[in-house]
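Here come two complexes built around chain A, the first alongside chain B, the second alongside chain C.
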Partner chain A sequence: MHSKVKEQFQVSPPMVFFLIHAMQVGVGMLGFQRIVAKYSGYDSWIAVLIAGVLISILISMMYFVLKTNHNDIIEIHRNLFGKWAGGVLSLIIILYFYALGILVIRTYIEVIQVWVFEDMPTWILALLAGYFFYYVIEGGFRTVTGLCVAGVFIPSILFFVLLMPLQYADFLNFLPVWKHSVKNILLGARETTLTYLGFELLLLFYPFIKDGQRSQKWAQLGHWASVFVYTLLMFVTLSFFSEGQLDMTIWPTLTLLKVIEFPFIERFEYLGISLWLIIVIPNIAMAFWGASRGVKRLFSIKQRYVIIVMMIVMVFILPPLDNRQAVNTLNDIISQIGFWVIVAYITFIYIVQFIVQKIGRKRSS
Partner chain B sequence: MNFFKRKKSFQAASPKSKNLSEWLSALSDGNEDFMEEIIETPYGNIKICYYTTLIDHQRLNVDFLQPLKTTPWRTYKDIQRNIYVDDTAVTNDIPTTNERLLQGFAACQLPDRKEEVLLINAPADVQREVSIPETEFSVIGPQEAFVEKLETNIFLIRKRLPIEDLRIRKLKIGTLSSTETAVFYIDGIADQENVNTIIQRLKEVNFDDVLGANALAQMIQDHSYTVFPQFVNTERPDRVAASLAEGKVVFMSNGSPQAIIGPSTLVELFSSLEDYYLPWHIASFVRMLRLFSVGFSILATPVYVAVLTYHYEMIPKDLLSTLIASRSNIPFPPLIEALFLEFTIELLREAGARLPTKVGQTIGIVGGIVIGQASVEAGLTSNILLIVVALAALASFTTPVYQMGNTVRIIRFPFIVMSAMFGAIGIALMLAFVIAHLIRLESLGRPYLAPFYPLRFTDWKDTFVRLPYNMFQQRPQQMRPKSKARKKASKTQKNKDIDE
Partner chain C sequence: MKKKKFISLSVLILLTGCLDTQIIDEILLIQTVGIDKHEENKLKYTVTYPFFLEQGEESTLNMEQLSVISETTEEARSLLNTRAQQPLRYGQVRVIMFGKEVAEEGLEKYVKSFYRNPRIGSQIFLSLAEGKTEEILRLKGEKQQRIGMYFSDLIEQNIEFENIPETNMHLFLFDLYSDGKDAILPLITKEGEEPKLIGTALFDFDRYIDNIDLNETYIFKQLRDGSEGGTSQFMVEHEGKKEYVVIENVFTDVQYKEKKRTPYPEYDIQVEIQGEITDNTGNIDLNDSNQVTKIEESVGKQIKTESEKLIKRFQELKVDPLGFGEKYRSKTRNWKPNEWKENIYPQTKSNVKVDLEILQSGAIE
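Our next item is the complex of A and B:
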């Protein structure tokens, strides 16, 4: 079952920059600082950079696997592990993507409920989101990519605004550099890896890139843009908060936005949260697109039906997850799965592919 | 299963009798303006028939009947040689005769040649003068606009592009109206795929009375359920010429003074031709002002509603006291207040558009000053909202393409409703929805949001800003023009050091 994506549905290689970057920057950015700082304290920015290098290696591993197969992960699974074992693995990946979408949307709804509308019922937002994402994904991969581009450009003003709290910065916080143990910094790096998650969708959208092989530099560039943004944000956060205060702040980024004052607008975080929607939407759309595309490739069901079912299920799943505890638990679970699925699994599949190729070469020679 | 059978569509030309002269005499039965008369001349009698209402009688007399009476003739050929009319034809075909008669031809028949007629072109010409553009007025630049007559419009375009590569394809559309429609493109620049698409879609239009180019544009557009216009519509020949030179395809219909340009992008709908006549800094400033004002026009009232309904903490405390003072007597929530004022403004605009110009001005004064002031004094609206709504209305008038102005006008309402329901989040959601919608839209199969998506940085020279002409080396990629270069790069300008 080899299906090639028609050229009219493909996107050009530079779009990979936006796809990767938009997927990595999401709700995670609102509150990753606290979790990383729990382990690495004022050295967290080093942890962010180390995780960046790690992910960069993972991306090139992914490209190695994808380039040799010229297809998406579903087909690669089938080639490497056979129909059944490969199918099960694919199904796990699909479920992971779907859960990722649900997690992001639920976290964002939680932010809305905590910061803007305390009594906004979840189901209304879920319903709106369900229709919206159906509309987006029905437009195909190009529409999803378009949202990624919009999700990078439009909220970029927020990035500059986030530099404004630097006027209260205390740069002495960073000294002495590297006062934590290597172990703690690596644990911090592990936590940061989770905020970088999302790039693994490349495993599914790779066939949608024109000249996929040549797109790696764009993927790396997109990833390093994310590393830059995260490091800078971590830097601003660490210079602004004390360690103890940071430990008690769930969403440090929003607290940073709260500090900002303009003569014509106060409580900037309202604007920030609203604009964050534009950042979060590509995340969710990509995750659901990936999940539905995976189902289509695995079971040969029409993607339109898959996405309708997925959206309906989402509308029913979201409302019961209605407190901080539940959201936190979900977050932890998906993060752990994500860490293992992505970091360990990509390495695993890389090694398998490497061995298979070596054997194949020996046989042919 | 007769129930599901399609009804037979009306056939315009259905000659019942096979004989030409019988058919001609039968025509005068139902058509009281159809004339049949015998002209007596020194060289013999001749029968002539025509629709009196479609014929220029003076022309018929001077150019046809006079020479007929003074010069000897025997056959159709002699007549054709003698008379002063160029466009003549001898035919025995009933549908052709029918069509020509309806176009303002006269048919004349010699008594001994019953099976053939000679068709003479003498159409009555009711025509408006070429006048100044009304909806797309520009301060500098040419002051001529299209008229209803297609020939005149073709003349206006041909005059601006005197090259043989300007191709004109004519089609007849509409089973009843058989509207003459011309498709223009420049061979060697325009992408043939676009030309084929537009001609194909025009041919597939199967409607009885085609009202004109604007109606046709709606029938052939890619998405019919969107509020965004997918074609630029213009009354300016210079805009048509400029678009053709960029590789676009244009079509016009007889009877409507508007040309439809495609494929179009969102940005083009916000660009006016004056942007190209003014120096580039000023043009860029004006264009950015226009884009900003569109954003303002759409978002101002929703933001007011959102902030005053949910996020009053966002207002700085100095401004808050003014706002409270102006709203303290108002009994309505911000949504009702805003909808009331928006509705009033729309009403004024519609009334102003329907009424004759002079009365329209009075309405504007009555509406703007009296209603606005009175509703503030009566405590129905706050004067801050009045300013916001009036500015938003003013801003929406800056859109140079009329259809786009309507879109801006209408799209504000879902934003207001969403902002009243979900505050700032609602506005952001609506914004995301509009963006997703725009990403999905296409004009003649070409992305509507280009050059922003798909990203084509080389085309950005003519988007938010209009860069100087020396940056316009290439035609926009969006059209996939066959020849890309617009001008030859001059080598003398490059790499010159100081004082060389």
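Our next item is the complex of A and C:
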């Protein structure tokens, strides 16, 4: 089964920049600093950079596997592991993407409930989101890509605003550099990889890129743009908070926004939270698109029906996850799975592909 | 397509009714909060809020003051609501004032509860009241009507132009949770019927320890931030007589250099003040550069002695509002906060060098 995506549904290689960058910058950006700093303290910015290098290598590995096969992960699974084992692996990946979408949307709803509307019931937002994402994903991959482009450009003003808390910066915090053990910094880097999550969707949307093999540089560029943003944000955060203070602040990025004052708006974080919606939407849309696309490829069901079912299930799953503990648990589980999917699994499939290729070459010679 | 549009539109319109609205002239916005001790384990909360009269009544802005007895901040708010005409909200709090007795037992839990509440900004002022805040928050006559802004303006203008070091809730929390620096708050009292800033309160972690007066606060501000602004009067000897000059700081720069580390650290503190003589008694010829140099030397010496005295006093009290600990930590690989506090800090030596430069002396000769 070698299904080629028609050219009219494909996007050009530079779009990969937006797809990767928009997927990586998301809801995790509101609170990753505290979790990384739990392990690496004021050295966390090093951890962010290390994780950036690691992910960059993983992207190259993904490209190696995808280029050799010229297809998406579902087909690759089938080629490498056969129909049944490959199918099970694909199913796990699909479930993971679906759960990722649910997690992002639930985390964002939590932020809204804590910061803006404390009496907003989850089901209202779930219902609105379900309808909206059905509408977007039904529009196809190109619509989702469009959302990603908007999701990079429109909120980019926020990144300049995030430099404003530097008025309270205390750069003594950073000294002495590298006072944590290598182990702690690597643990911090592991936590950071979770905020870089999202680029693995490339495994599914690769066939939608025109000249896919030439798009790697755009993917890397998108990724390094994310690394830049995360490192900068980490830097501002670490100079702004003292260690104990950061440790109890759940959304350091929003607390940073709290000190920004303009003559026309006294509490900037409310604007920030609303703008964050534009950052978060492409995240969720991509994750759900990936999951539904996976099901379509695996079981040959029409994608529209898959989305409808997925959105209905979402509307029923979201409301019971209604407190900090539940959101936290969900976060931990998905993070762990995500970590294994991206780091371990991509390496694993890379090695398998590498061996298969070697054997193949030997046989043909 | 028409049907879809109709559904979207009706969803948007119907769902708007689902949330509680908070219309600005139908809620009461608390502007000042005072917390006093009341018998054992009980606290007395005093709040002030502006109160707009209804149509037809004389259109003046009235201020109300209410007090209740409670254990926690939020409980206090709900108890206050049982006595308020319209719902009270914390969204516009400007100043939180703590009574001395409360501060002696520790402020962490209260400040934390205000930090927890996303409705409260992080640039609000915290302050310490000598005596009961309930008394201080009761002003006379017209001032009572402006009480909401009165204290925040009082603190703000004194930070900007006079001797009070920069402070707000964020900076207090930063110092509180930093293990190499101790927090400070402005100290307010009531003299007769007038509220008045009288100095700076020193904290050991979250407990109030002691205070310094306005003259010491002037020196302290120079040493802490290297600030702009601040005025102080000095005595100089001129032709055998005691004369007074008033010096206003135009610009101050302060630098700490670690001169020696073992057995106990020694710091060189270089204070460079560029100032302006705004007033003087007697007949000092301010055009004579010799006489100006004399004043510079004499005043510089006084600032030096005062500074060293002040630092000694901090060391005896075992509080570190100047952040020597942070400076020491930034060059220490195995930093132990307790050892610093108990053994090293009291033995730390500091040499203050003051370099005062008089730039100008007003518009007359």
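Going forward, the second predicted complex is superposed on the first by the 365 of 365 C-alpha atoms of A that agree within 3 Å, B and C clash if a C-alpha of one lies under 4 Å from a C-alpha of the other, contacts with A are read in each partner's own complex, and residues count from 1 in each chain.
Keep in mind that, in the parts below, a residue touches a chain if its C-beta (ideal position, glycine included) is under 8 Å from a C-beta of that chain, and two chains touch if they have at least 3 such contacts.
Since this is a predicted model, take the numbers as computed values, not measurements.
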Touched partner set for A:Leu128, first chain B, second chain C, both or neither: both
Which of chain B and chain C A:Thr255 touches, first, second, both or neither: second
Touching partner for A:Phe117 - first (chain B), second (chain C), both, neither: both
First, second, both or neither for A:Leu175, with chain B first and chain C second: second
First (chain B), second (chain C), both or neither touched by A:Arg267: both
Which superposed partner A:Asp332 touches (first chain B, second chain C, both, neither): neither
Touching partner for A:Phe241 - first (chain B), second (chain C), both, neither: second
Shared chain A contacts, counted only where both chain B and chain C touch the same residue: 117, 120, 128, 266-267
Complex contacts: residues of chain A adjacent to chain C: 114-115, 117, 119-121, 124, 127-128, 131, 168, 170, 172, 175-176, 179, 241-245, 247-248, 254-255, 258-259, 261, 266-267, 269
Footprint of chain A on chain C - complex, ascending: 7-8, 11, 15, 18-20, 112, 118, 121-123, 170-171, 173-179, 181, 323, 326-327, 329-333, 335
Parts of chain A lying in touch with chain B, wherever the complex brings them together: 11-12, 14-15, 112, 116-117, 120, 128, 132, 135-136, 139, 142-143, 145-147, 149-150, 153-154, 263-267, 270-271, 273-275, 277-278, 281
Residues of chain B touching chain A in the complex: 310-311, 313-317, 319, 422-425, 427-429, 431-433, 435-437, 439-440, 449, 452-455
